[in-house]
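Chain nomenclature is as follows: A, B, C and D, assigned in order of appearance, with residue numbering initiated at 1 for each chain independently.
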């Protein structure tokens, strides 16, 4: 029983861990397999490639599915709480990356199963998680989480601006110039505000072009807002992590680099 | 009389307030109604949907108009100064969001009334005001207000640059290549400077493409200006609101918002 | 003689000054005249408007030219050093804004004289100069001047990147897909790197689209560079102007807000 | 032997150095020659120019090749370790900038040799290296090197987002609307996320336009991330290089680069 437990522990270290040599090798092989299988799904959608390499891609798809199925079962087997793993974010992503191939036996092959297969690419983020431990992405995530609310308000503002400006453009240009409905005009307003500018819907009348110019300049101005929000938050996140160690007396952190006394209890912070 | 006053007060708390449970529920229901009614107006402009669901959308429009009319009258009834409410920004927006439907009985239904109906979406900003009390959007608004002047000067510069570059392009490319007039060339210059790039007017001659390349690189460079202005103002807004008064003992400033003791001399900073 | 001098002085105060009431009124009228005359030149280039309002626009052009000629002569008359004014930047711009109309009597009316007339718009910057005295645009100009060198190096890098990537695309896509020559491919690379994206030249082959994707992501990344340069310079420009007054002992400035002793000579800076 | 060594030394100073007058003159002439030869290669690809000026461009190409060959041999001759120079980055670039012309005698003239000729433009970076010594570009390079990892993670995220969003769009719009395969849809997603927006592939169905709007707003938001990363790193790079060591008397840091006395205790900071 103890030996079985140690077998599970060492398997767990390899499959879930990132610190041992075996664990890193496993990670690298897995990432390679994921990227190749995603590439295979993508190439399979190109008619010319499918016509020529169809059977090989089909075989590869099954090979990867069986490989990922074995991996999924091993993860379930060695995890201390299999059910908790199964309902975790990555547990579900891993189940979804093998299910579509099995379903394609029963159901007629459908385009809609493709997107589920493509979700495999999310599995690569296991390694991003690894990177996170290295403290590289940490501050960026903190900064984005901190600015979440402000950015939500900002995008609410952008969307309602797009609704008003799009409706105005619908009135100015009208259906005869390609602005066939308000939703389409709102789509135009978003294309313009975000400075994407496809050019599939463009103003043709002088007043429409004047209003469009205003929308473009507005879009150019408001791109400054999310950028400055994230910059300020990232600066704060950096400031916090570059601070002094916590106070030896009251054990609280957050001291500035030039602080000599604990700002919470007034004790000397030492050299 | 007193009971009527208390009835008005409690209604006021529900309709205008955001702190009580009833007030929040009212806010949420109102936002739902606004968003659905705006969506109805937008969908009504799509020919295919209008042909099929026209009567239902017409009924919905009247239902929402009556609902908003009742709400408007209640707001007038419970506000301590009804006239002041009526001429406030949101008072006018709320009146404008119900008027067009009543006007459509007298006047022939016009596309131009649509934009007024769409302005309803502005009413959602009542909740943004609520958010503002939560101090989230506050600093952003301060930063934008502070940088208002600089951004105005900046956009005056962008527009006059667009006029000069557009006229230059009109000379270089000429009417035969789509640059039919100076206003249209200025429109092209704005499309290019803001990096929108529809592609409805593009340079065809080598010299035109060289001038256009210069315009693009300029546009790429000057996008840095509003971004840096807002970033600096936002940093200042953060700095100001997070700064404590200077130490009473050593008179030095620069204390973090959570500091209780002076980081320079170790004295208590007071409450 | 003295009275004539005082007449010149008071005229100088009105025409060149921005501080007196009369000077400001003159500024506002002049800006109005400049903007209307620029609008007239722009509208004159629209065929439909020219056909209908041609004679009126022609008359307006002559009226503004005579007005600006009188103003130019008055400026020469009241300036203490007329020749120095005549060869200054604004002196030349003002001469160029009246010359083309007179030249059009002798020479056949040419499209190429238009751009010179349009340069009138630069005269509006006299008021920007006024704004500069108000200290609003000052720091922005300092920040841009400070980052001038870094931005030049940056754009040298962008242009040489565009040359290499454009040539690569010329090889990958070739003349049959619209990349008819290297200069045109470099134009495409600039359109793509700056995220303008007209769509007049687009990749058609899979390898071309892959290379284009790389170019787009590169362009997306390098837009960060000028933005961060200007932000840092603007932060520095702000920091400098928010500093303490200069030392009373050695008269040198540049002290941080929390400095108690002059960093140059060690004297106390006072409260 | 000693005279030959001194001849090599003085040649080395002229060819590789940037400090002497002769060295700077050589640099300027070389940059002129590089830019003209790159322009010649570019113009040679334009059919109209080739037809007319073909022989002159051919002669210029040979003249520059011989000039660069002499320069390359001189560099080899005067470098203290010729082999080390030959395998250095610029050594290889310089060899590659002369080889294609010689190869074109043996091999049939090929479009693929063009890109190698164009790489000559990289030689201009010798002068950028010079600029680097002037300390202008230094901090920018430090900031970009520091943010290398974060930007890599960021672009991994952008690419996997493009894969998922592109696949989703392939499902929503389908081959009949121009989204013929997943790779092409991923290309569309990158065009949209980076706000380039060619318009060669655009959504036609309402759901497709809704998803595209989401992609655009996402792209608009995430452009904030690289900008803020580089800004923060550049601020740090500035801070680090402008910081003095801490005071020897009170042991406190944070002194400005021009400080001669400690701003905290007034003691001299030393040379």
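Observations on the model:
Please note the rule applied: a contact is a pair of C-beta atoms (placed from the backbone, for glycine too) under 8 Å apart; a residue touches a chain by one contact, two chains touch by 3 or more.
Note that the structure is a prediction, hence the values are computed from the model and not measured.
Of all residue numbers that take part in the contact between chain C and chain D, under half occur on both sides, making this a different-residue interface. Taking each chain's centre as the average of its CA atoms, chain A and chain B sit 28 Å apart. For chain A, residues that reach two or more other chains under the stated contact definition are 183, 186, 195-199, 223, 227, 229, 231, 235, 258, 260. Taken as a graph of touching chains, this assembly is fully connected, with contact between every pair of chains.
For chain D in complex with chain A, the touching residues are 149-150, 153-154, 156-157, 160, 163-164, 167-168, 170-171, 174, 180-183, 186, 192, 195-199, 202, 206, 209-210, 212-213, 216-217, 219-221, 223-225, 227-229, 231-232, 235-236, 251-254. For chain B in complex with chain D, the residues that touch the partner chain are 195-199, 206, 227, 231, 264. Residues 38, 41-43, 45-47, 111-112, 114-115, 118-119, 121-122, 124-125, 128, 131, 136-137, 140, 143-144, 151, 155, 158-159, 183-184, 186-187, 190-191, 193-200, 223, 226-227, 229-231, 233-235, 238, 257-258, 260, 271 of chain A are the ones touching chain D in the complex.
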